[in-house]
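What follows is a single structure, written as structure tokens, with notes after it.
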Amino acid sequence: MTASGRILVINPNSNDDVTKGISEVLDPLRLPGGPDIECVTLSEGPFGIETQEHVESVTLPLRRTVVERNDVDAFVIACYSDPGITVCREATSKPVFGIQESGILAALSRGERFGVIALGPQSIKRHLRYIRQLGLESRLAAERPLHLSVAAAEEADAYPRVLEVARDLVGEDGADVLLLGCAGMTRHRLPLEQALAVPVVDPVQMAVAQALTAVLLGAGSS
Amino acid sequence: MTASGRILVINPNSNDDVTKGISEVLDPLRLPGGPDIECVTLSEGPFGIETQEHVESVTLPLRRTVVERNDVDAFVIACYSDPGITVCREATSKPVFGIQESGILAALSRGERFGVIALGPQSIKRHLRYIRQLGLESRLAAERPLHLSVAAAEEADAYPRVLEVARDLVGEDGADVLLLGCAGMTRHRLPLEQALAVPVVDPVQMAVAQALTAVLLGAGSS
Amino acid sequence: MTASGRILVINPNSNDDVTKGISEVLDPLRLPGGPDIECVTLSEGPFGIETQEHVESVTLPLRRTVVERNDVDAFVIACYSDPGITVCREATSKPVFGIQESGILAALSRGERFGVIALGPQSIKRHLRYIRQLGLESRLAAERPLHLSVAAAEEADAYPRVLEVARDLVGEDGADVLLLGCAGMTRHRLPLEQALAVPVVDPVQMAVAQALTAVLLGAGSS
Amino acid sequence: MTASGRILVINPNSNDDVTKGISEVLDPLRLPGGPDIECVTLSEGPFGIETQEHVESVTLPLRRTVVERNDVDAFVIACYSDPGITVCREATSKPVFGIQESGILAALSRGERFGVIALGPQSIKRHLRYIRQLGLESRLAAERPLHLSVAAAEEADAYPRVLEVARDLVGEDGADVLLLGCAGMTRHRLPLEQALAVPVVDPVQMAVAQALTAVLLGAGSS
Amino acid sequence: MTASGRILVINPNSNDDVTKGISEVLDPLRLPGGPDIECVTLSEGPFGIETQEHVESVTLPLRRTVVERNDVDAFVIACYSDPGITVCREATSKPVFGIQESGILAALSRGERFGVIALGPQSIKRHLRYIRQLGLESRLAAERPLHLSVAAAEEADAYPRVLEVARDLVGEDGADVLLLGCAGMTRHRLPLEQALAVPVVDPVQMAVAQALTAVLLGAGSS
Amino acid sequence: MTASGRILVINPNSNDDVTKGISEVLDPLRLPGGPDIECVTLSEGPFGIETQEHVESVTLPLRRTVVERNDVDAFVIACYSDPGITVCREATSKPVFGIQESGILAALSRGERFGVIALGPQSIKRHLRYIRQLGLESRLAAERPLHLSVAAAEEADAYPRVLEVARDLVGEDGADVLLLGCAGMTRHRLPLEQALAVPVVDPVQMAVAQALTAVLLGAGSS
């Protein structure tokens, strides 16, 4: 371990722009004397992760990356499907965080019932299966789909649609905390928070914050 | 908000030694240029919080402290019963974290089933009620009592008993992550982690880390 | 214990009219030779209990009342938030009943799924947290808000709005038994029952009936 | 409805001694000017209800009794398997109470986790199925078998075995309220309560108390 | 046991046309050299099973049939309320299948969340109670009523209404597999499957298929 | 579709002896005129599937096999971890069955609470996560480990250990139906069933039986 430690954030898709966007939203977590936060692109990954095949295609490349970079102090897998999280945890004694899991856990201390802004119906199905696996379904208000692609959801002009879905999660489904259901929607976080007066959680930031905590406290470094 | 923000950690009991001990274990979370972490003693609190009457006796004093100190950026209530957490959240738009809630949420990303090392049967009863309220009972392996007082559990010579209970949580109950069920057991964390090869979570550190995250990301500061 | 026993019903708000109203609806439970049912106002209480701060402000005064009046045979806390129920139970070996808990338990033997007529969204949030704590969420059809104050909900002219909400709970949410989610709506019980042909449960009456049972059977008198 | 109302308690087995025993333990609920409590034997019933066949054999005779005696104000089916409860409820607008359901609901307001003293493993299997149907399994500590027949469990000399099982429910399983899992064990209630310092609930008394409440409040009389 | 075994399918209502219809949809499960599938009418049954009284009226006649025909290798009770399933299982060591239970279990391997096309609100109430008893409610999307009688639902001209309800289960409630909630709707299965592109499960076929499996593998024949 | 259809059973490990053993236990499901049941070895698979890495290593090869062999009518993945089941289902409109899922669903109609005979603690952890994902944990009695390798568990001389674990599942954990938690333990099924008088379910046979049913009824053939 270096003096202050290192966190490796792996973007499982091969889109360098996404990696760059992820890195930018992590700036508030880069502290003087704090752990180094490095964001890398999984070159073997698909351009976007939209299907279960995409998910499966990155599990072993992610594991290989974890094994090769096992000199860092914590890992974050920066895709909302948490691909390969179990196999990566098996491959290292260092903590590994997935952004969906970390995002939901963070949301649970900011509200009674969380609502998720998802891209589409297929991802909702995948998420619900995972939420049941995590045993956390009793606090879910609802997931609602944007019916947008990853790329479109990241754009500034997606905001009206994002707001509409967020408003329904709060007004119709009773959510009092919202979770962005994709790695690339951080730009909408503060505007939503201001418009709706409920906390809005960005899962990438939360997973990296959990990694930061683990590094600062020395978890898994033994 | 100051440049880097401030976190107020409130020890709800009136024992200054406990406050001092809490402050020491937070040193790893005090970062150059990062938020200030201030630990205060609730002078109106009982010397230790062991009964429901003790819990109720601190809820409104905690609320008053939150109102008076609303210039900070986040609050942590540093007693494992999470006393007054709801009323404090009602009193401020700043995030408020309770150490039991934060500790359990942190444990959920480090193992499949968490075990809690508790002081005694009465506190277990209170915790189980709260875990059901949080909707998180499906991941609980078990709570087991030390049959020790708060003061005794903090001492170095409590370690053999703490280890015995921890071993049963892992071996008998199937826990693969442990949670220290009291604000003052931090000194046992690393020895347990090394002895049993499972992550051991200190709830005070985790709640303050969540507060740190919130401050760094600007939650609730709007 | 006197020959037939005594039940103390404590109205945690300081509104004597409410106490008087509560006492009136308990007349059917005042039996010749049966336990005495005394209704008292908590003078330290707020005029109405609408916030978590109001809830917390009465827990220790309620406890004090329980300790001072421990010569009675059973206690009822007559506010739908069941404030202070745990601390009061800790303070006495006599049974203590809360009207929300007793109301829900009574409803569960009168229908498959219960619907609650609540005052507003904030109280629904508080109730849902409590229902999860009680482990009874699987039988909840829904809670729906009147968007009325306590005082307004008690008035005869609130009936059309109460009926509208009740009708939605039955027609939209599938409730087949209804629960009045406030201590002061008893006057609407029979009209609703006749209009909708489902049982309608008044929680104050049910908590006092449970206390009556406990006294008649000698619970906690040992 | 007569002035004060009538409750019909039906013992579904044909053993008149059991009916007589049931009637005796209901004396505390027979109030001057209060509802009449009549206990009848189902002559078509088996001598004891121990198998599912026994259960099924009484459902329609119970229904016929309910139809024939529909001039009373409430019914209680006094067998812990709650035989025929659904079909009887379908047959009348008067409330019908089953002793298992009423006993569990009563226990839930007297402790956090209830333990049941059952006759044997087969009845436990039947009860667990029913508890799941009621959606109340999250509060069950455990059921433990006496390995005794109904007749034997009622005898005074069964007490040491009953106490042993009760002690295990409290000490091993964490129950803090106990439920007698059979209509005929009332004589053990107070001794158990005194020996173990936890509330002990007799289900027959509780179901009749619920019926009493319903009659006093006029439920179903419209 | 004969060389290839025998399955007895019992239609608990006395309508021979229904029995005939059931037998026809089982033709694909009648294999050369495979078990014989015999469908019989319970002559003591009501003409249709629509109430709880109807359900109870067939439990002991079903048990008698099972005892008399215990030379077969497996039994199927062909009514969606699964009447008498527990008492029949008690009466024989041969496997007994109920069509609701088998239908739900089959649906669970064909989709994430199942939707049930039911006849009316009363049967939905009965089904939900049973689904809770089976512990399978977490995968239920919804049940929706046709508001049709058994006889009407079986007719070809019921299809538009069946399709409408099925479409709502998929579109509104998120079901991705559908279950026909009555023994006589098989004719709608394939058209629905083609119209909605989700699997549609006929419960009679599934229960008999489970019986077929049990017979082929020798379950219970020892 | 050929006249009678074809089922492809894929053994995801590369051990041909296992494939051969699987094929043998399927003989009772090979019916004259019934679907053809072909068992193939996944040549890319590891020799045994014991870790999460092994699981991940076969998901895409399984998907490729499903795509290449999409002319068959149903697929079975014959490893108890159900590797790749979601991605295979995404890749075909034909039904795909996993042996753990099918085994559990089959067990649920043969008993109240199922017990699983697993190889070791690591596989139990994986299974429990999956059982939660399936929403079926409420009927699980327990899983217990053999502490044996796959190869050892298949041998005749493992029977005493298998019987010991099975006996504990029934006697200590209250299971009334058992499930073999591995593809290769079929030989122990009948001896266990005879020794313990509870149904014992072989998951491979059950998944193939579900496939057989689907083919016979024409599921997914549209």
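To keep things simple, chains are lettered A, B, C, D, E and F as they appear, and every chain counts its residues starting from 1.
Here is the rule we use: contacts are C-beta pairs under 8 Å (C-beta built on N, C-alpha and C of every residue); 3 or more make two chains touch, one makes a residue touch a chain.
Here the structure is a predicted model, which means the values were calculated and not measured.
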Response to the item:
Ordered by label, the neighbours common to subunit B and subunit F are A, D
Fill in: Intersection of contact partners for subunit C and subunit E
A, D
Worksheet item: Which chain is most remote from subunit F in terms of Cα centres?
Response: C
Worksheet item: How big is the gap, in whole Å, between where the Cα atoms of subunit B centre and where those of subunit E centre?
Response: 52
Discussion item. Can you compute the centre-to-centre distance for subunit D and subunit E, using the mean CA position of each chain? Integer Å is fine.
Written reply: 33
Response to the item:
Note: subunit F sits from subunit E at a C-alpha centroid distance in Å of 25
Worksheet, complete the sentence: Shared-interface residues of subunit C (touching two or more other chains) are 129, 132, 134-135, 138
Worksheet item: Which chains are in touch, pair by pair?
Response: A-B, A-C, A-E, A-F, B-C, B-D, B-F, C-D, C-E, D-E, D-F, E-F
Practice prompt. Name, in rising order, each residue of subunit A that touches subunit F in their complex.
Written response: 51-53, 55-57, 59-60, 63, 84, 86-87, 90-91, 126, 129-130, 132-135
Practice prompt. Spell out the part of subunit E that touches subunit C in their complex, as residue ranges.
Written response: 125, 128-129, 132, 137
Discussion item. So in the complex, the part of subunit F that touches subunit E is made up of which residues?
Written reply: 28-29, 31-34, 95, 97, 101-102, 105-106, 108-110, 134-136, 138-139, 190, 193-194, 199, 202, 205-206, 209-210, 212-213, 216-220, 222
Worksheet item: What residues on subunit C touch subunit E, complex-wise?
Response: 112-113, 138, 176
